[in-house]
Amino acid sequence: MPATLFIFLAVVSIITSLGVVVQRNPIHCLLALILTLIAIGALFLALDAVVVGFLQIIVYVGAIMVLFLFVIWLLNLQVEAVPTGSLAVKFFATIAAAGVAAELFVFFSKTTGALGGVTVAAGYGSIDSLAQTLFGQYLMAFETTSILLLVAVIGAVAIARRTIPERERDAPTRGTPT
Amino acid sequence: MTPFNLKAIDFQWLPILPLITIALAAIVVLLVGVRVDDEESEGLGWLAAASIAIAFVLTLAMSGQNTSAFSGSIAIDDFAVFFELAILFVAAFVVLMSLSYATETRLPGAEYYSLILFAALGMMLMAAAGDLIIIFIGLETMSIAIYVLAGLKRSDPRSNEAAIKYFLLGAFSTGFLLYGIALVYGATGTIKLEPIRNALAHGIGLGSPLLLLGVGMMLIGFGFKIAAVPFHMWTPDAYEGAPTPITAYMATGVKLAAFAGFLRVFPLHLSAISADWTWVLWIMAALTMTVGNVVALVQTNIKRMLAYSAIAHAGYLLVAMAAAVPEAGAAMLFYLVGYVVANLGAFGVVIALERRGISNDMIEDYRGLAQREPALAAAMTIFLLSFTGVPPLVGFVGKFYIFSGALQGGLIWLVVIAVLNSVMAAYYYIYVIVAMYMQEGGVAVRSMTLRPGLVATIAIALIATILIGVYPSPYMNAASTAFNSALGLGPIHAASLLP
Amino acid sequence: MTVHFPALGLILLFPALGFLFNLFYGARWGRGWVNIVGPGVVFASFAIVVVAFIRLVTLPAGSVLSVTLWQWIHAGPFRADFTLQFDALSALMALVVTGVGALIHVYSVGYMAHDEDFARYFAYLNLFELSMLILVLADNLVFMFMGWEGVGLCSYLLISFWYANQSFAYAGRKAFVVNRVGDAGFLVGMFMIVAALGSHGLWTLNFAMLRANANLFTTQTATIAAILLVVGATGKSAQIPLYVWLPDAMVGPTPVSALIHAATMVTAGVYMVARLHFFFMLAPVAMELVATIGAVTAIYAASIALVQTDIKKVLAYSTISQLGYMFLGVGVGAFSAGIFHVMTHAFFKALLFLCAGSVIHALDGEQDMYKMGGLRTKLPITYETMFIATLTISAIPPFAGFFSKDQILESVYNSGHHGLWVLGIITAAMTSFYMFRLIFLTFFGDSRVDSEKVAHIHESPSVMTAPLIVLAVLSIAGGWVGLPEHVLWGNRLNAFLAPSVGEFTPIMQGGVFMLTGVSLGLAVLGIIAAWYFYLVAPGMPYLIAYQLQSAYNVMLNKYYVDELYNLIVTRPLFWISTMVLGRVVDSFIIDGLVDGAGLTVETGGQLSRRMETGNVQQYAFVYVLGVLAIVAYYLYLVTH
Amino acid sequence: MGSGILTLLVFTPLVGALFVLLQQEERSIWNSAFIFSLLPLAISCYLFRAFDPSQAGYQFVEQFNWIPQFGISYHLGLDGISLVLVVLTTILISLSLLYSGGGDIDHRPREFCFFMLALETGLLGTLLAVDLFLFYMFWELMLFPMYFLIGIWGHGRPIYAAVKFVLYTMIGSFMMLAAIIYLVMTYHAHTGALTFDLPMLYNTQMTTTEARWMFAAFALAFAIKVPMWPVHTWLPDAHTNAPTAGSVILAGVMLKMGTYGFLRFAIPLFPAVAIEATPLFMALAVIGIIYGALVAMVQPDLKRLIAYSSVSHLGFVMLGIFAFNLQGIDGAVYQMLNHGISTGALFLLVGMIYLRRHTREISEFGGLWHSVPIYAAVFMLAMLSSIGLPGLNGFVGEFLIMLGSYVQSWQAVAFAVTGVILGALYMLWTYERVMYGPITKKVNETIRDLNAREIATMVPLMALMIVMGLYPNFIIRRMEPSIAEVIARVHSAQVRIDEEHRATHLAHTSFPFRQGKGLGVKSWGSNS
Amino acid sequence: MMTVSYSWVMALSAAIFAIGVAGVLLRRNILIMFMSIELMLNAVNLAFVAMARRMGSMDGQVIVFFVMTVAAAEAAVGLAIIISIFRNRETVNADELNLMRW
């Protein structure tokens, strides 16, 4: 991977991810997140992870992020009117996060090794090799994932389902704007 | 394009038969359940319980082997069997104690019981995991089910809050766990546990910063699940807000699974670098015990109190883990059994005393209980005394075992801290007993109808608490066999492991 | 030569049975039975003692009758058994204890005739007899200590016999506690003896064994142990500094004062020293101490007696003073003289007390001598017997007291303690003065009795006067067993006692007539002074008291010793216990630490509880702090 | 293996406890509880007779494997020291139950009897256990019934007292648990055998440092139980607030577990350290004697007073134990019995008067002799026994203790003997204020004297006071061989120490650091 | 041409991870907190891919696949929980979710 490309993608992903954290409007945050994901997807491609890179864009950006968007609209979230939380909390939180970053940087500065150090076999990152691994070595995990998704579906339905009628008599929920 | 060789797939039905049973049962319960009214969900519960029983038998049949399946993704050893059995036991009793609770609080029965089963499935996966990704997926399966279960009292803001807090922090710590896995993968080139052990044994990745950081991140991830200080903050809130049987599930099943994973990864497969993580565990254990007990001391809500007590117990378990000797590993297994049994019983009592819809779980509500409900009060006393570590109850033998293990590992000061903590813990457990036996007042509630399921739960937990305490030998054997089987050792006498 | 003589057990058995009978059945069976059983058992004991005595004198000198009742304390090599021994010294003491005791029991029948609690009274009295007999018959120090404490207990019980009176109860307790102080010394002394012999493999406190192995003691051990034993003796025998209980003890029934606080119990200290004479001989310093205590106590108590107005108080101080003589005697090594005086003192002091009791009885409990007077005619027997006793105590020949006191003073002089001798003879003068003062104030002059009591004055019944007469006879003739050497049959008593208590070895030989003359002269001088002050010129005492007011007040208030003890011992003790130990140490420091630890934990709990704000972001923040710490640790591992 | 009689003895009360739970009527509850307490009494009397006094070791031994993984066995045995305490326990429990049925316990009798009988099992087990694990189990087991007894049926501030009692005790006992485990591991490290059997553990080799720490842990647990100054402050609260029967058992038996523990465990296991610590313990004992007496003197509450007197008396016991000679320890064990009997009696008496007047303030009484002469007489005897009047039991103990201690340290005895004086002072003063003097309160004129049941409760105790005072040998004879064994252990340690002093530089240099015993961490699965 | 060192990618992943952490700590809106968590997961994914590339192993890529699945599942459930919270409380502000504390 050419350094320039990496630097470009890195800068983009960092700026956009910062955007997620600092913007007030949830929609803007989400858009920034989408950009980050796309940049990371591009990095995947540059790292010979072709399938995963496309999946990143299709699944993540295409599906998960849209889910977020739906929810934002569903809940009709607006710009946070005033910055909440005390300044001290923000200060310490920033320090802590910066501390995490700093510590990790120091750590990785201790590691060495060029990325291109290993010449990869042809077909590395292709859908074929991915499938070979997925259905060979990781068959169990793959199968289990189906269960996981099933659980997620059941759970999401169970918890987001509109309330049962009699419950409304007890404690009427406020109508959600649709 | 290489043709896909189906024969290369290491697929075996047998070892995952219990898992399949549970999964199928969960689906069946769900499908049947959509047609069942929420107030008549008891039948679903019995169905779930029956399927658990079947899975229990199937699991039992697997014991005594020491192999793996699915290219090492699934371990088939006594360690897995031990934990799976324990998890199934827990799940069964959570189901049983839910029977009346779910109907009386109008939880959606179909989702409720199927999610309990799915959570159990996730837990069992963690117990039987042979690679880090299975641990991760099992963990997520369990967690997602539990998040939902915790928030299943949809109209109860506390329940919502429990769910969201648990969820947010859970997802947050998932990030750390994954990061850890990534780094370990980077250092050793694999995420399968057995190869990791071999790699480390051959010096691959040793001393790598990636490995160390990975270990640290995984400690954080597991630390969250077992509610170790300082990753424990969610526990009381989640415990308090969740439906009580689910609280019991979190306190027992989730703990079991988390410790199964933790043990599987750290003491069993990262033992080569134990020097790199025992000190962290040392500090964590000390902090966990102390914070758990100190804060439990001032709680007024029994569920919150039990939450902090659960934190403290995780601390005791960490003491053994920090000792990093096989004997201590077996001790942890045994301790977990004792802890789980007493916890199930205690929560059973809490459930039995909850009023329809309104929780009755302030400690002062327990005043005078011995007069109103002598049997329940006596049972609760036994459970609390077991937590305290009073002989001949199982909690005592567990503590004894843990301390032995820790002393074996030379952790004298940590044991001293644990001892002082035990005294502190005695204070708040005893305070509940004080309320029940020595104070007057409390709310004379019309307690929830004692259905057979709940009675059975409390009774069996009571019997187990006493019986395992009085005659712990077979369970100790099982624990040490289980632990050592994962080490690749046969059943061994405790003594033969000592220097 | 030791002779097995099981009947000795009977000596103890009778009073024991009497005690049990009176305790459990006395009140139920009635006064008739009690009046028979109470004194009866003592007479029975007396009879046995006499039998044993006769047996003893038929044996060669130095023989001992003995019986082991049963084994008592056997711990390791240490042995202390319930063994009785009956040698000359024990015989004499037992005769006095049972003989005088029996008389006083009889007297008590009359004295307690109107008291509701007669059964309890006789129970205590029998118990006292039992304890006292144990004390004098025991063959080892531990067994003896049992009697020693037992008589103390009975003394306590009998002093506070009329328990409803708060100050009587106080007097009883005071007696017991002060005695305990002495007993503590006694105990330590015993331990010292055992330890000293124990290091030679001899674990015993048996008198015979001790005597046989006396050479094993070093002088230092013997001296300290002897001094400790003397502490015990000063408690029991009311010597300085532990005499304070005895005057207060007079609140008990008067026969009790006679029996316990005059005739028998208080002489236990003297008996003990005599019993252990071989041991004390090893410790000259301790002997000096005994003699000095005796002499000082004698004159000190006598000086207080000079000004007391309570008839029993005078007798009490007189008792202390006489006990001082006995101490003086044994202290200079004249053990048999000391014991001789114990015996005569038992006769005449018991008599004095009983007479005083008779007077008090007649006057409905009046004890102030300034409210008596002129009773000579109304109480003739009492007067006569008391007069005899007074002559005896004043050591007028040929009354008993003369011989014993004279023997003591002579020994003192002959042992070279001339200073002490001077104290002794001054005391003799004071003794005759205050005793005759008592007689004159009580029986002579005009009646100062309260008018409403005058009518009731009557002589005591014969059951009370009979013992008086017997004792009077003894007071006269009791001394004749110990005539000076070479006079008639000489000192038979001395010879009899010698195997038990050894012989007095004088270091010089003073003129017998000179010594006797001086003391006799002084005694007569005292009588004359009393006669002058209280019969001839009754205003004189007031004048003198007025002139020497401060000295008089000091004496009247018993030198303020009680107040002093109160100030330096009792009060600080209570203050320290309440304020320092109870409040500061116990409640504040120790419990403060304990509760403080709990409180700290709880406060810590409350504080850390506040960290659980319910805010999920703060939870995450804490979480990240943990992350930072762990990563930092690994960073440290990597960089180092 | 064994005849099973000890098991029968230990668990009969537990069976009784469960049986009592089934009873419905109050009368039958009390009757069955009392009868079930008589059974162990009968057994213990049989044991007393059947015991072979010429033998030092354990008799009637029963031993089964229990938790073979740890070498833990169910091992019961009876030796001279435990024998006498077992008899004391069974007697006092029976009497307490007899007394409590007479109105002292006015609510929840079923639970009361249950806890009393459960307590008896705990106490007997503690005395008979020869296996350290088993011992610890019973040790803890006796704690909780007592906690309930105080907390439920107590007066005043029962909860505070009960919780204080439990926590105080637990600190020590958990430390002891850690020490027990450590000891077993040390033994294992040297011999390769894993066992909790006491006689085997007596021969554990350990470094001086290890021994010191372990001794400290054991001693702390036992010292709290005794209680020695300055860890005594739970006692006055526990006693004052406990119901009568609770106080009786607490003072009569439970405190002895502390001294028994010293004698059976702390000292024989670590004789060298015990020798080293003798001055400390003697000093603490003497402080306890004087301190307890002084503070007792000024207590306004009768029970509190007796509680502090216990501190004083137990100080004597400790003094005797640390004399390390036959006289001292004979006396100490004897004094344990005496204290159980006389203090038990005193607590019963205070309970009786409390039942009548609902107060224990000394100032509320005065002149009671007039209205309750029998009571006064019984009280007198108990008091005299307590202050150690020769002829009664208390004297034998105190005398032997001081005699033995004198040989060890005359200074200690010089101070301890003031306890004898102060004991008389505070007891007599109390007696005087309660019984003597005029009746100052009207209510005191009409209180009734002891009834038949109460007299029946007191008579055995009074008989024991006298019999044990006059003929102590039938007891001392039985316990002496066992005591001699303890002393022999201490003496041989002394001999060793002396030898080591002689052979300087050889011993006492640092021991090689043993693997897995120090702070080094042994790795898991070293074979993989 | 400069080769991209593998530690650069790790550093980038660390940076994004830390930004995610910061988002969780700083933002009150639980939805945005959740987005920040997604950021963290993506940072991890990046690390996995980089590691996989470095060793020429496919395992890392497969894991990314699983992580995505899990992320999707979590998203579904998490958003559902958020909706249910919003229904009851009409807020997504983390500060206001403190019914249970202490």
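Should a chain be cited, it is by its letter among A, B, C, D and E, assigned in written order, with residues numbered from 1 in that chain.
We adopt the following convention: a residue touches a chain if its C-beta (ideal position, glycine included) is under 8 Å from a C-beta of that chain, and two chains touch if they have at least 3 such contacts.
Keep in mind that what you see is a predicted model, and the values were worked out from it rather than measured.
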For this session: Determine the set of chains touching chain A that also touch chain B.
Result: C, E
Seminar exercise, completed: Neighbours of chain E that also touch chain A are B, C
Problem set entry | Taking each chain's C-alpha mean as its centre, the one farthest from chain C | A
Exercise. What whole-Å value do you get for the distance between chain B and chain D if each is reduced to the mean of its CA atoms?
Worked result: 42
Exercise. Using CA atom averages as chain centres, what separation in Å is found between chain A and chain C?
Worked result: 101
Exercise. So how far apart, in whole Å, are chain C and chain E when each is placed at the average of its C-alpha atoms?
Worked result: 96
Exercise. Cα centroid separation between chain B and chain C, in whole Å?
Worked result: 78
Problem set entry | Residue numbers of chain E (touch at least two other chains) | 17, 20-21, 24-25, 28, 30, 33-34, 50, 54-55, 59, 62, 66, 70, 73-74, 77, 80-82, 84, 87-88, 94-95, 97-101
For this session: Name the residues of chain A that each touch 2 or more other chains.
Result: 85, 93, 96-97, 100, 104, 107-108, 110-111, 132, 137-138, 141, 145, 148, 151-152, 155-157, 159, 163, 173
Seminar exercise, completed: Residue ranges of chain B touching at least 2 other chains are 133, 137, 140, 144, 147-148, 151, 154-155, 163-165, 168, 172, 209, 213, 236-237, 427
For this session: Let me know each pair of chains that touch one another.
Result: A-B, A-C, A-E, B-C, B-D, B-E, C-D, C-E
Exercise. Taking the complex as given, what residues does chain B use to touch chain E?
Worked result: 133, 136-137, 140, 144, 147-148, 151, 154-155, 157-158, 160-165, 167-168, 171-172, 174-175, 178-179, 181-183, 185-186, 189-191, 236-237, 240-241
Problem set entry | Residue ranges of chain C touching chain D (in the complex, touch as defined) | 70-78, 82, 142, 145-146, 148-150, 153, 156, 160, 163-166, 168-170, 172-173, 176-177, 180-181, 183-184, 187-188, 190-192, 194-195, 198, 573-574, 576-578, 581-582, 585-586, 590-591, 594, 598
Problem set entry | chain C to chain E touching residues, read off their complex | 609-610, 612-617, 620-621, 624
For this session: Spell out the part of chain B that touches chain D in their complex, as residue ranges.
Result: 197, 201, 267-268, 271-272, 274-275, 278, 323-326, 329, 370-371, 385, 389-392, 396-397, 399-400, 403-404, 407-412, 415-416, 419-420, 422-423, 426-427, 430-431, 434, 437-439, 471-473, 476-477, 480, 487-489, 493-495, 498-499
For this session: Name, in rising order, each residue of chain B that touches chain A in their complex.
Result: 1-2, 4, 8-11, 16, 23, 27, 30, 38, 69-71, 73-74, 106, 108, 111, 114-115, 118, 121-122, 125, 131, 133-134, 137-138, 140-141, 144-145, 147-148, 151-152, 154-155, 163, 192, 208-210, 213
